[in-house]
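Please find the structures below.
Same chain, two partners: chain A is paired with chain B first, then with chain C.
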Partner chain A sequence: MSGSWMTTRAWLLMLPLLAVMISVIGWPLVDTVRLSFTDARLVGTEGSFVGLDNYARMLSGANFQRTLVTTTWFAVISVAAEMVLGVLAALLLNQQFYGRTVLRALMILPWALPTVVNATLWRLIYNPEYGALNAALTQIGLLDAYRSWLGEPNTALAALIVADCWKNFPLVALIALAALQAVPRDITSASMVDGAGPIARFRFVILPYLVGPLLVALVLRTIEAFKVFDIIWVMTRGGPANSTRTLSILVYQEAFSFQRAGSGASLALIVTLLVTVLAVAYAALVRKAAGSNA
Partner chain B sequence: MSALEIQNIRKSYGAVETLKGIDIALQSGEFLVLLGSSGCGKSTLLNIIAGLAEATSGDIRIGDRSILGVHPKDRDIAMVFQSYALYPNLSVRRNIGFGLEMRKVPGAERDKAVQEAARLLQIEPLLDRKPSQLSGGQRQRVAIGRALVRKPQVFLFDEPLSNLDAKLRLEMRTELKRLHQMLQTTVVYVTHDQIEAMTLASRIAVMKDGRIEQLGTPDEVYNRPATLYVAGFVGAPPMNILDVQVDNGSLAISGSDVRLPLPERFRSVVSDGEQLALGIRPEALRLSSDDRAGGHALQVHIEVLELTGPELVATARVGQQKLTACLAPRAKLGQGDVAVLLVDDDALHLFDKASGRARLA
Partner chain C sequence: MERKSLPFTIFIYASALLLAVVILAPVLWLFVMSISPAADLSAKPLRWWPQQVDFSRYALLLSTVENSAGAAFVASLWNSLRIAGMATIAAIALAIPAGWAVSRTPAVGWSLSVVIATYMLPPVALAVPLYMGLAYFGMLNNIFGLALVYLTILAPFTTWLMKSGFDAIPREIEAAAMIDGASLFQTLRIITLPLAAPVVATSALFALLLAWDEFFYALLFTSDLRAKTLTVAIADLAGGRVSDYGLIATAGVLAALPPVLIGLVMQRALISGLTSGGVKG
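Up next, the complex of A and B:
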């Protein structure tokens, strides 16, 4: 069979997918780019060309800068915590003990739940009147009176990060657990005979096998955390006092709450660009890590 | 006092007993090979000595202390693994020195020991490479170096040559022998390769189903196998086993009219009419046209001839029973010939058919 026929056939087979992708992603993207150069509103005006005005206004605005900081905090802290918790959980679940299989299955549960369910669940836990967290903390004496965890600007973001970690550390744990199972038993045995303690064993025996897969997890989680929308929207809608407003929330507010389709589109494209930069940087990092292991 | 003493070691996994009471005492400088097919318990025994598995009962002593319950790192042992088990992200230098590093041996002293081991193993130029940049043979040298620098009481080797190709295996075998002759260390070495066992060991423990079938020098194991299993396992091609009956001072080979005289040394341990298994090593047979005189004649029908180079392997029949003989390569023989093979008195082995035990081991 000739190469050109193979190529033609490959394109033919991909055609349905391409058609769907172009209609639901490609066209909206092109239209968003067009919108971002206009002052169009969601309803009513078609808008006229305003050049880079939207971009200039969005980038220089205090809202954008504050939101970028909030988003960065959210992403850095939640991803870091997820990585640490995930690796610890994986190390634990890699030990031989009775009931391990059940525990492994249970661990996946938070990650398998829809985000909306998870968010609702944590809203109940944080509830200022009957929430479990308030009850627990007052009963063990750490707290004098019930607090509104999601209602106070200085605790809301932390509360969200905890909820996000709880949902997402199982993914990291799952990836780490798979990697741990690839650590050869002989090397672990050799390190025991050589006298390596738990910390040295982790550093010299286990970590080399974890680094690659963990980098992949890091990339996935950072990009997702940077684009976070659903969990925050369900729990705080970006409040109180915009203290949990991330970039995606800001885009939504600009485009739909304030109905400014033009500037909303420009903001969306700025976020897309930031995430792309992250993705490319990480891809390079992963490639480098893979190269040094070969 | 023995360098290593294994006392009645038993190991069970649930209802399955993989080691059924192992007793071995090793003198300092001895090279013990645990030989057996897979599943015989040899690796389990090695892991128990290393502290990587626990014995169900029994005791193991190194020098004058029991090491059961002692952490592997405190047993004064070093181990070389089949898969080399090098630390992938450490240089060769740090791999070799890792045990010393973990024991907080000062850097200068460590460097000296690593350098010394590298010189001994001829891997000095490789010290700054990573394991992934080494060939299989070089990796195994590094693994051996890692054990050497520790200067332990006992070295443990778990099939260290099985992952190497045939040529390299031969080289490393000689290398190991040279190292042992030079360093005079106590070694326990696990393998399923009987040639490795024969060439390296000062004593061989042939294991089967969690028991030691025979513990002896390579010469004893080869020339005086204690059981049918040992007779079949050690030697290639394996020892011929023929059904015979003691008949009036001779051995009548069943299914034929061939008789061999019963050697003098067996007279007191067999009784007339008894059914026994007669063992003859293929390499103990020679053609009657050979210049060496003497020996008992055995008339056979040649069925297959295979020239391996150094010898001619003949598959023949004595009556209904199969017999293999390793003959001189230039023997004048053809397929279908009737030939007369000679065997010496002391090359005949007799075994009890039911228990498999040798009469006069």
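Up next, the complex of A and C:
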């Protein structure tokens, strides 16, 4: 069979997918770019061309800068905590103890819980009047009076990060565990014969097996944390006093609450650009790590 | 296995216990809230186990009496099932031919890379034109409209999983069938697809979980019981003036039940699906 017929046939088989992707991703993306140069409203007016006005206004606004800082904090702290807790949990689950199989199976629970259910659950736990956290902390004497964890600007973001970590560190743990199981037993034994302590063994024998999969998990989790919307919307809607407002929440408010489709679109594209830069930088990092391991 | 010292063994069991508590406590509390009488949940000091176990909220939410909390919940449950089901079937139907084509013809692989790269796009980058487009076609607040939008999330993912699955099936088997005179579609139907059945099942489960979990587009594009999904209904309950926290917890338990059961039963397949992404990169 000739190569060109193979290629034509492949394109024909891909046609349905590509047609759908162009209509639900490609066209909307192009249209977002067009809208970002207009002052269109969500409903009603078509809007007229305003050049780079939207971008200039959004980028110089105090809202954007503050939101960018909040989003960065959320992404960096929650992803870092998920990575550390995930690897620690994986190292534990790779040891031999009774109940290990059950504990491994339980790790799927937080991952399988829908994000909205997770957010609702933690909102109930943090409830200022009847929440389990307040009750538990006062009953063991760590807290004098009930607090409004999600209602105070200085605890709300931390409370959100805890809820996000609880849902996502088990996934990192499962990925790291799969990588640990690929470490050949004889290499770890050989390193012990050679007198390597537990820390040296982790650093020089085990870590090289973990780096690749963990980097990929890191990339995906960071991109997701940067785009975060659901958990924040359900738990705080960006409040109190906008202390938990992330970029996606800001775009939602601009485009849908205030119905300013034009400036909302420009903001959405700024976020897209930031995520793309992150992803490209990470991809280079992953490739470098893969190269140095090979 | 080398011998471990006693302190080390104690440390391992203590850590395992801690991990189990961290994972289980919030989930168990959700369930306990759902079966505690409202008075127990607002008691100070808080009651950690109900005086009398009360399953009445489950009956309430799953009842179909008109204009009750149950009718709204059941309607959103039914919407979620239909939307997730339709989007999954459509995503798999698109993914099988496309995944096979990319697997057997690497020359077209770059187009799949472009499709997968759209994973980076925040949904907000597509939301405004999608909203205007759905409004134009009268598809806002419509389960078909939302299922179509869900393909933006499901189709790239299922295609990539199917492509990896077809990669694992040797093309020599297909070539042999072709030499015996089978046409391309006979070969795919009789030889390749049955071998790929486990991958199709895994992809479909992933797609179902993703669609069941989706919130952002559902929040934007649905407004009442005709299309509102379970995630939006639960967010409404959590954000509204519902005084009975147990009712919110019950809705959460019911919404979490299908994905948690799928997760526990399909553990092995799901983890290998998740980690194949992690290992291959």
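As a convention for this text, the second predicted complex is superposed on the first by the 294 of 294 C-alpha atoms of A that agree within 3 Å, B and C clash if a C-alpha of one lies under 4 Å from a C-alpha of the other, contacts with A are read in each partner's own complex, and residues count from 1 in each chain.
Following the convention adopted for this analysis, contacts are C-beta pairs under 8 Å (C-beta built on N, C-alpha and C of every residue); 3 or more make two chains touch, one makes a residue touch a chain.
Treat the numbers as computed from the prediction; the structure is a model and nothing was measured.
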| item | value |
| --- | --- |
| Touched partner set for A:L137, first chain B, second chain C, both or neither | neither |
| Partner chain(s) touched by A:A200 [first = chain B, second = chain C, both, neither] | first |
| Partner chain(s) touched by A:M192 [first = chain B, second = chain C, both, neither] | both |
| Superposed model, chain A: greater residue contact from chain B or chain C | C |
| First (chain B), second (chain C), both or neither touched by A:P208 | first |
| First (chain B), second (chain C), both or neither touched by A:P184 | first |
| Contacts of A:I77 with chain B and chain C, given as first, second, both or neither | neither |
| Touching both chain C and chain B, counted on chain A across the two superposed complexes | 192 |
| Chain A contact footprint on chain C (complex, rising order) | 1-2, 9, 12-13, 15-16, 19-20, 22-24, 26-27, 29-30, 33, 41-42, 44-46, 93-95, 97-98, 100-102, 104-105, 107-108, 111-112, 115, 118-133, 135, 148-149, 151-152, 155-156, 159, 184, 209, 212-213, 215-216, 219-220, 231, 234-235, 237-239, 245, 248-249, 251-252, 255-256, 259-260, 262-264, 267, 270-272, 274-275, 277-279, 281 |
| Of chain A, residues touching chain B in the complex | 184, 186-187, 189-197, 200, 204-205, 207-209, 293-294 |
| Footprint of chain A on chain B - complex, ascending | 50-52, 71-73, 77-79, 81-90, 98-99, 102-103, 132, 146 |
| Contacting residues of chain A [partner chain C, same complex] | 3, 6-7, 9-11, 13-14, 16-18, 20-21, 24-25, 27-29, 31-32, 35, 42-43, 89, 92, 95-97, 99-100, 103, 105-117, 119-125, 127, 129-130, 132, 135-136, 138-139, 166, 170-171, 174-175, 178-179, 192, 212-213, 216-217, 220, 223, 226-227, 229-230, 233-234, 237, 247-248, 251-252, 255-256, 261, 264-265, 267-269, 271-272, 275-276, 279, 286, 290 |
